[in-house]
């Protein structure tokens, strides 16, 4: 059997996001098992373990599942990721953190066991700025951009990048932290109301998202100038604000909705036979899709590993090789029943981060759905690469690692 | 008028409003502390539970659907009704009273006369239990609560201030409603506790359980009474906060915003809760607004506590708390 | 009779003062030590170390620390998480600044730093009492967390503010970092716990301990019979924070390996440890052990039963687990408000009388 | 004087056994009969179990982790053990606890008013009784607005006593009413007890260390020692019993001895060795 | 001070020394309540000084002034010929002034032995580190003090409850333990606030014996508040009578007993 543990959180302050993600993740593997008999003929086992977004429970879950022969982990928590990075390198298991975790893990030269393609936070920041550049006619010079962020490792991630970008494009960046959980954001939004920034970028998670969108609507901030990272752009976040949320934008690194061919199979093999992991409403929602996307990539990496190893029952080290050799093309996505769902990418020894493109989606309150307003926008690698190099080198130095891929 | 002054006024106004929202939660604490010397940590969870129940009842959710489905493999979800808000609120209030009775029967009754810290611990146990129970009963997903309260900027105030100062102040309609409700609650509860026989009995119980029993005050009745009231106050807080941020686990964490309010106002004073709320709300907002940017922001959480701490150093029983009797 | 003390006479005050005056208890104690030092290290694996033993040992240290403050000196504190964070960040700064000094020293120094911070936040306890003090200590909790999150110096300017424990070894064996073996982690924590327990025991049975308890039981009377409340409370804060700092340092460097302050040392930590102390028994060193064991083991046990054994969905299991933990806490408090330690004491008194009921 | 044989028994304690904390056996089979309309005294040294007996009757043991493991307490034919303490007060049995137990944060007057908590006979009647208490204890009237926590020991004793009177009880359990009171006040308290007893027919069961006064006012007495009743009889008879005289009244044949003269510690004669 | 060295010998042959402590014009107010109004009296070395008066007269408050817990609104306290500056209660305790309390103030969570050991805190010196590791100093000191305390335990005949938590003791024994704790401090002046309340005659006799022996053997000066006139008359050398915060009498017991003001305010009838 192929063991891919699902460290999920269906309880605690971030359960609202954790639940659909875990469901998407589970359902895809169920589909593979039901439809194809697993991957390469090997069944996939997905033991689920509840972390409640709590680092200690994360350790417990990791320790209790790794003995089962786990091939890869995807804990959906920046905190747990940081904790697992050194442990998993020592244990020789792959850590896959799409769109979250430690950005500089994109540098495969230092982080042998971590992969975070197709995009990371810094990519997100850069894509957002690029989109804004486009929106304001190619120049952000003299514009004011405010970043509202979750006052934690996760929220702080984009600041460094945005500071660089501010220098490069000449906009003025104001960063306002919001303490977790973030039910009270009056002072931050009054500040926004007073400063009247041209754009507001937003890095939130959990209840903070709903409150921010509500407050933005309350102060009548133009919603189409308010852009959230992909973790702040789910249906859950916008629905409570009702019509007020109309026009809110968020990044996304994959498509949403159930209009992809794969859902026909899902319906046939998973939903209808009652094997779905969650309720029907969640299917095709933003976070569900993302959980599914992570499962797709892991499954593809395993497939690649099987191909490289020449046998189906691959071990953790072989799966890592699969991750490193993974190439996902548009054609492959279409084959999987997800045409144009995600961007194509190809990993290398040094590049564990992928192209980093993201799209912008916008909330249509009346229709109650997200619509894509752009295609994939590529990030500004010129700015990002040196930052990634610097941060990962600092880590290498602290941890006493030597660079690979020479 | 100079801009800074205008902003300060606006922030102050909003701080006061935020303070009222904290006070709503603090009120429940005060009631229970006053009547039993119990520092009820579960107050936040009570608010969450009330809000969950309200949404569940209003939208006709099947309680425990999740468990039932897990066991029977069925797909129960909803009764398919949508109740009017008022009816749902009344029903929820009823549930809170039942909850109070159950808590008294299963927990408090057995802990008569124990040290404060033990009672405090028991309420934390209760908080855990209720949190799990609420989730099992109604599910952990995020829910939207809408009982028709107005939200968003108050246009009248904005235009009035705009014409006066040339700058329209922002005040949230929901906050205004909350303020009105809070004032009404505080007035009613103060009158109740100071001037009624039950109010006196309530304070007696807080002082000495045994002596209260010995004069014939039924602890059980008093406790059911205050826990019911506290439950209903929690429902009010739950409605206000839930309308603002949706109903989900984090709602229970508003308890942490109420603690400094409580400390500053005094654990035993109902008016203290509101005055404390106003001071804390205003203080933390002004600090965050003017000094926050200089030291990195997100100061509100600790500043509220530090502010309360400073007050306490001068008045160890809080602004309106009962004097701590020190005699030998 | 299972439990004997008849004929167990003491002929000197020294003998009467020893920790386990009753022979039966003494034997039990030595047996436990022998197993802890001689057997467990040989058989322990990663899972047992990381999921059970290491957290238990570290929490026991923290619980002893908090018990000194709450159980012995009567000053209720909810700042434990914040103080643990001080220990964690202190050890991180020390480990990265002086990589050649043994971590053991770093851990003790981190305890020292925490003691200093504890004293600072302990000062208001002179004026503020009871729950007011408890809530006031939350100021420390929130402020410290904010500080470590905000000031980049503390996390060596890393991009996200996370701190990661570097690999460090003692006598050629790794004790921190990902390379560390289960046995090394376990032994490192066990040795520190043994030290801490010993010191705590000594302090609480002597003059200082009596001063603390006097202040706890009736502070005014204590002052009138000659206890200086300032120094007494301050030493309680200092000693307690010292231990808690050690626990924080170990928690980060040995157990978690990486930490983000708000997540690892948030308010929940404060509550958890207070829980341990109360469930275990206020004013009892043994109780600190019992409480830590109970609250570390129970969730792991329940999870294994509900998810592993009964195969329930994880979320349902997690919710039911919350209910069970909450319910059990209440049941325990009702059964014995003075904690597991008292339950044990009563059991012994009963055994002593066995087979007679009283 | 009341004739115990003729009146009905209001309260009956049958062979009760009380254990604290599941292990400490305190009462080892105590039986009492309290006649209606009488004053019954419960005497005995420190730790004899007087307080425990009273608390067992008024069902207040639970919060001290004590319980009645054997025997029964019968009041007007009903088992009191099965009743909540509050119901007991409604039935007319009220206790004045040892060590005052005033409500510290309530004022003296509020303390007195809580005594009337269970009454249903209207404000006017309560106000009348309040006046009555103030005439018994003028000192309380002066301090009516102070918080009870700040009154002196004796004043608190008066508050506790007054509070019990406010409930218009049928039976009062008094635990050491004279403790800490000035001599003339001790007499006064017992005069009040007597007046209430005779005037309103209230039954008293009182635990007292001040044997001298207690036996002067009581009709009947029980002597407790180490949790057992060792002697009982009409007060008159007890007063004349030589053992009681020597050990409880401090009298020897030559009358009262000076405390200075008692050079050697007297070893108490134990009824139960 | 002038008569520091004067004194007299009592009928039963005890020597009363010069003035040890003097209270001058003490006034104590709590908001509106005046608990003590301009009272002066002295306490001589080796005497047993009683304070009596009706309930609420201000007796306990007076003890609180002496032990530094209340700071008098006006007036001064002189000890051994020097005016006592503003002092915290624990500093006063270190001068050798110990006391018992009207409402027992024992440390409920501790055993009888530990309670009595707290009485010796002011005399114990070993430092934090020595205690942490129970090195020579600390453990030797502990044993030395334990021996002294055991003597007191013997003296008060409470051997059998040594290890009992005080919370479980009956009232009378608690009073005795409290006395033991005060004695353990080896005080110069011992303040006793109604030590015999709630005791029966036999127990009072025991208590009197302890007090007298203490005064005889160690020459401890004793200030005693008591409502039992028998005890006061028999034991004390001089009596201060207070009423409504004022001093209405001061002198030897016989004199006070026959003072009409005292009879009116306190005794009711002339007492034996």
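Letters are used for the chains, namely A, B, C, D and E, taken in the order the chains are written, and counting of residues starts over at 1 for each.
In the analysis below, a contact is a pair of C-beta atoms (placed from the backbone, for glycine too) under 8 Å apart; a residue touches a chain by one contact, two chains touch by 3 or more.
Computed from a prediction, not measured in an experiment: that's the story for all the values here.
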item	value
Given chain C and chain D, the chains that contact each of them	B, E
Chain whose average C-alpha position is farthest from chain E's own	A
Inter-centroid spacing, chain E versus chain B (mean Cα positions, whole Å)	50
Distance from chain C to chain A - Cα centre to Cα centre, in angstrom	37
CA centroid of chain B to CA centroid of chain C, Å	32
Rounded Å distance, chain A centre to chain E centre (Cα mean)	75
Multi-partner residues of chain B (at least 2 other chains)	114, 135, 140, 296, 298, 301, 327-328
Shared-contact residues (touching 2 or more other chains) in chain C	146, 149, 220-221, 224, 313, 315, 318-319, 322
Overlap residues in chain D, where contacts from two or more other chains coincide	24, 150
Chain B-touching residues of chain A, taken from the complex the two chains share	10-13, 15-16, 19, 151, 175-179, 181-184, 186-187, 190-191, 193-194, 206-207, 210-211, 214, 217-220, 236, 239-240, 244, 274, 279
Parts of chain D lying in touch with chain C, wherever the complex brings them together	19, 21-25
Parts of chain C lying in touch with chain A, wherever the complex brings them together	46-47, 50-51, 55, 96, 146, 149, 156, 158-162, 164, 166-167, 177-179, 255-260, 262-264, 300, 303, 307, 313-315, 317-319, 322
Residues of chain C defined as touching chain D within the complex	346, 349-350, 353, 358
In the complex, chain E residues that touch chain C	67-69, 88-90, 92-94, 98-99, 101, 105-110, 114, 117-119, 121-122, 124, 126, 128, 131-134, 138-139, 141-143, 146-147, 150, 181-182, 185
